[in-house]
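What follows is a pair of complexes built around chain A, which joins chain B in one and chain C in the other.
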Partner chain A sequence: MTAAGVTVAGVTVAGALRFLLPAGACAVLLLLPRLTANEYLFALGVSFATFSVLAGGLNLVYGYTGLLSFAQVGFFGIGAYAAALLVTEQQWPFLAAVAAAGAIATVAGLVIGYSSLRLSRHAFAIVTLSFALLCMIVARDWVSLTRGAMGIPGLPAPVLNLPAGLSWRIASPADFHWLMTIFAIAANALIYLVMTSRLGRAMRAIRQNEALARSQGINPLAYRLLALGLSALLAGLAGGLFVFYLTIVDPSVFDFYYTETMLIMVIIGGAGSFWGVLVSTAVLTVVPDLLRFSTDLRMVLYGVILIIVMLVFPGGIGGWLRKRGVARWRSVRVAKS
Partner chain B sequence: MSAAPLLEVRGLTKRYLGLTALDSLSYSVEPGAVVGIIGPNGSGKSTNVDCISGFQGADAGHWFLDGVELTGLPAHRIAQTGLVRSFQNVQAYDEMTLLENLCVARQEIDGIGWWATLARSARLREGEAAAEARGRELLALVGLAEFAQAPAAILSYGQRKLLAIAACLMARPKLIILDEPVAGVNPTMIRHIAQVIRKLNAEGIALIIIEHNVDFVMSLCRRVIVIEAGRKIADASPAVVRADPRVLAAYLGRAGAAEAQGAHG
Partner chain C sequence: MDAGFLMGLLINGLVIGVIYALVAIGLSLIFGVLEIVNFAHGEFYMLGAIAAYFLVANAGFGYWPAVLVVTLVAVCLGYVLFEALLGGLRGESFERSILLTLGLSMVLQNGAVFLFTTTPKMMTTPLSYATLTLGDLRISVVRLYALGLGLAAFALLYVVLYRTRIGKAMRGVAQNRNAALMVGIDPHVVARLAVAIGIGLSGLAGAALAPVYAVHPLMGFAFVFKAFAIIIIGGLGNVSGAALAALALGVLETLIGGFLPLVMVDALAFGAMILVLLVKPHGLFGRGVRV
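Showing the complex of A and B:
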């Protein structure tokens, strides 16, 4: 019996850790502004929260349904622009603007998916890449709507109207840390729920063997649209919230930097592994920042890390763990025969 | 043969550019029957399966399962109506456990929707518990029970064929089409697979078996359909089919057929 198999009062140590580690991490993140006044940590917290949602959504699309998508940054940026424009030009309340941002991004995701998934996985990758580039071009050149390269600066601090007449003006870095952390916990919980339900099981089936899945009554298009729609919704909401933290949105929100960061988080964490991707997101948010890399140098570092991972752990952290499981069963089978 | 057929195929035709792979093929399968479909390489056996299971579009023809027209439906819809198939090159979800492999094969037919799934409703829990129980039962039936929690990647070729048969059964199908269930499998495993098929048929499940292994088909089926160049050339009991000169000619060539008949006579 391994250490993880030890049972205390009917609860395995592994089972307890599985609950306590995430709960503890959430508690630390939520209490951070009570533990420190270090604004740098809040900035890291906002960055981690945002990327955990973007990478988590990408993991659902790529790791679960097997579709390489470059569109996440497009949904993120569409959400950012939609929320910014609705608040500044239409005077929409904060929450309504963010909800609309999510809805618009979802529609964009479904339209892209429905039109390109009838072709092939490769066509899908190309269409999503084109979509992300197109978003940036539209943001830059449709000046009458987006104000072009100038962007939309000076977004007001959002105000959340809470029940019982309270209101929360989200202005300080600590406020944004809270806002994004609460959103990220809810979004990741939803992603986790989908992944671990049989919806996620059907998605994994589609990635591993599409023909077999179809022969068992699974409609690949429906599940892929579900994954894509959900990831677009969450990315759109994340963009709609994050833009108020930046207080400005300009075409650089569609930068390829975001796409590469998300992709590397998913690949290193192991496509298809919820916890693996979450851990790699945390590490890749904190480490480059600690080492004070400039954005350009960081891209070089990412490239190097990606090559090393491809050589040493082709399946990422999650894939490595899975392989160990297969090896263990192989030895069981050999021992029995 | 007065009972309404379970599967009825009428005038199924499939052309690839100049080649006619299926030429107005018609046949029917009675409820509870085990029907073999044999034929030389390239005769259209597998094209036939791919067409009626929705994996390839047919150029002409209609087919019905239990009176419901399946013509032109996508593969997943055909599977949901109760016609399931296995594949020639055995297929499994390698990264999933055997039990997951089976449970996933049932989830689209128990009528529990996405919302009920996300809400983890009582109906979902019951449905999944039932699927798991059925999965364990089937793993025991095919002799893979001890690997229920192992990933499918560890299975041998023959074991994968058994897993594929078990997966077909998960959906409680009306008709199973097994595409080459024993190709490349050792004799012990062939006997085991034959046993499993007999057990299934005893439970009332109708099967179509597409095979190259003529002895295997003849031993299991009371009716054999022979296809050559996309046309049905025989449809009778194994004994009659064995003696049919057209079948012999198709398999052995005309000279060989004459020789074989000479040997018999």
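Showing the complex of A and C:
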């Protein structure tokens, strides 16, 4: 009997670990401002929370429905601009502006998806890429709305009106760490629910064999639009929240660098593996910052990693582990019989 | 309205269109034969321009020898690229091919930024300030050379594709891979040649344009996205469609740039692409098969 098979009061150790590890990680992240006053850690926490939502959404689209989307950064930036403009120009309250940002990003995602998915996966990849670039061009050149390359500086600290007449003014790095962590936990929980539900199984079926999925009565377009819309919503909300942490929004929010980083996180973690991508996001948020590479060399290194992973393990680290698990499971079966 | 000004704009537009076409044709050829989108395509354009700059500025080459050397090296690089990275990929691993070439693009682009910094450099040759005067029309000679080189490359490509056995084989693989295999065409050989030609054209475009525009490591990045839009407009995998779309885009961009604010110029390619996708999803000159 292996260690994973040990049971205590009907609960397997592996099962308990599966629940305790994420719960412990969430608890540590949420309690971080009580444990330390180190603002650098809060900055890393905000960065991890943001990227975990962006990479998680990309993982849903690419890992589950098999569509390589470059539009994620466009939704993120649209959310950022929408929230910033609604708060500064229209005096909307914080939460309403963020919700509107998410809604606008979702609509953009559905339009992009509907117009390009009629053609092919190939066209989808190229159209999403062009969409992200078009967003940057519009943000840079539509000066009367976005103020061009100057951006919109000096966003006010958001105030959340809580029930019972309380209000929370989010101003310090610790506050933003809390805000983004709570949002990231909720968003990732939603992604996890979709992935492990009937919806996720249908999406995986589409990725593995579209014709077979169709013959089972699964409409690929509907599921693909659902995945794309959900990832656009989460990215738009993430952008709408993150922009108040930055206190400025300018066209660099659409930088291709974000896309490359997200893709590397998903690829290394293993497209289609929820925990793998989460772990690789954590590692890739913390490690390059500690090493203090110059950005050029870091991107060269990411490029090399991308090439090697694509040539050697196309499923990413997560996929490789899963394959090993399957192989071990098979070998145990053979030994018994 | 001054006719000379209009003529000048038209010729500038044609020059840009021909250079767009050189890059887009290579991209389209590689897509047609291998069914992969080469993200790193623009980086070879950038490397071609940087190599030409260093050959002229530091090694004392003239314009023509530099263009010739860069094109030949680019063709060899295409062979190496195919054997090292792309040879093992097939059509069904489309996303994998994008990620692989994206990785290559990140390495080449950021490596070039690290080595050369992002400062733009101007390549000066003895021809740089020479102009040709036709009536009241003055055209810079290097632009005309770029135009001539591009047209010569088209002619050569046409001869290869339509007048040689290997060109016929290449068109055969692009039309129907399995049928081509059945009549004894080796797709590996054909694909290798397509990649070599594609990268060679990209390098040629970079070298030919080096004296016209500033040379810097990010020039390929912006360029390749326009090339993507062009091959979608022309119909994925359709080489002559890509050439026509590229020429039209070059001329339109320059004409618009002459009269309207610059904003419209960059957005034109993407706007046209989205419009074409909505109205005619297979591209203006689409083949209607595959893709």
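Heads up, the rule we're going with is that the second predicted complex is superposed on the first by the 321 of 337 C-alpha atoms of A that agree within 3 Å, B and C clash if a C-alpha of one lies under 4 Å from a C-alpha of the other, contacts with A are read in each partner's own complex, and residues count from 1 in each chain.
By definition in this document, a residue touches a chain if its C-beta (ideal position, glycine included) is under 8 Å from a C-beta of that chain, and two chains touch if they have at least 3 such contacts.
The model shown is predicted, which means the values in this text are computed figures rather than measured ones.
Chemist: Chain A residues in contact: does chain B have more, or chain C?
Modeler: It is C that touches the greater number of chain A residues.
Chemist: Quick one: classify A:Leu95 as touching chain B (first), chain C (second), both or neither.
Modeler: Once the two structures are laid over each other on A, A:Leu95 reaches no partner at all.
Chemist: Pick one for A:Arg201: touches chain B only (first), chain C only (second), both, or neither.
Modeler: The answer is first: A:Arg201 touches chain B but not chain C.
Chemist: In the superposed arrangement, does A:Leu68 touch chain B (first), chain C (second), both or neither?
Modeler: In the superposition, A:Leu68 contacts chain C only.
Chemist: Touch test for A:Val286: chain B only (first), chain C only (second), both, or neither?
Modeler: In the superposition, A:Val286 touches no partner, neither chain B nor chain C.
Chemist: Considering only the defined contacts, which chain A positions touch chain B in the complex?
Modeler: Residue list for chain A touching chain B: 193-194, 197-199, 201-202, 204-205, 208-209, 211-220, 226, 272, 322, 325-326, 329-330, 332-333, 336.
Chemist: Going by the contact rule set out above, which residues of chain A touch chain C in the complex?
Modeler: 62, 66, 68, 115-116, 118-123, 125-127, 129-130, 133-134, 137-138, 141-142, 256, 260, 263, 267, 294-297, 299-300, 302-307, 310-311, 314
Chemist: Which part of chain C faces chain A closely enough to touch in the complex?
Modeler: Residues 35, 37, 85, 88, 93-96, 98-100, 102-107, 109-111, 113-114, 221, 225, 228-229, 232, 236, 262-263, 266-267, 270-271, 273-274, 277-278, 281-282, 291 of chain C touch chain A in their complex.
Chemist: Which residues, counting only chain B, touch chain A once they are in their complex?
Modeler: Its residues touching chain A are 53-55, 74-77, 79-80, 84-87, 91-96, 100, 103-109, 114, 117-118, 120, 124, 128, 146-147, 150-151, 153-154, 167, 170-171.
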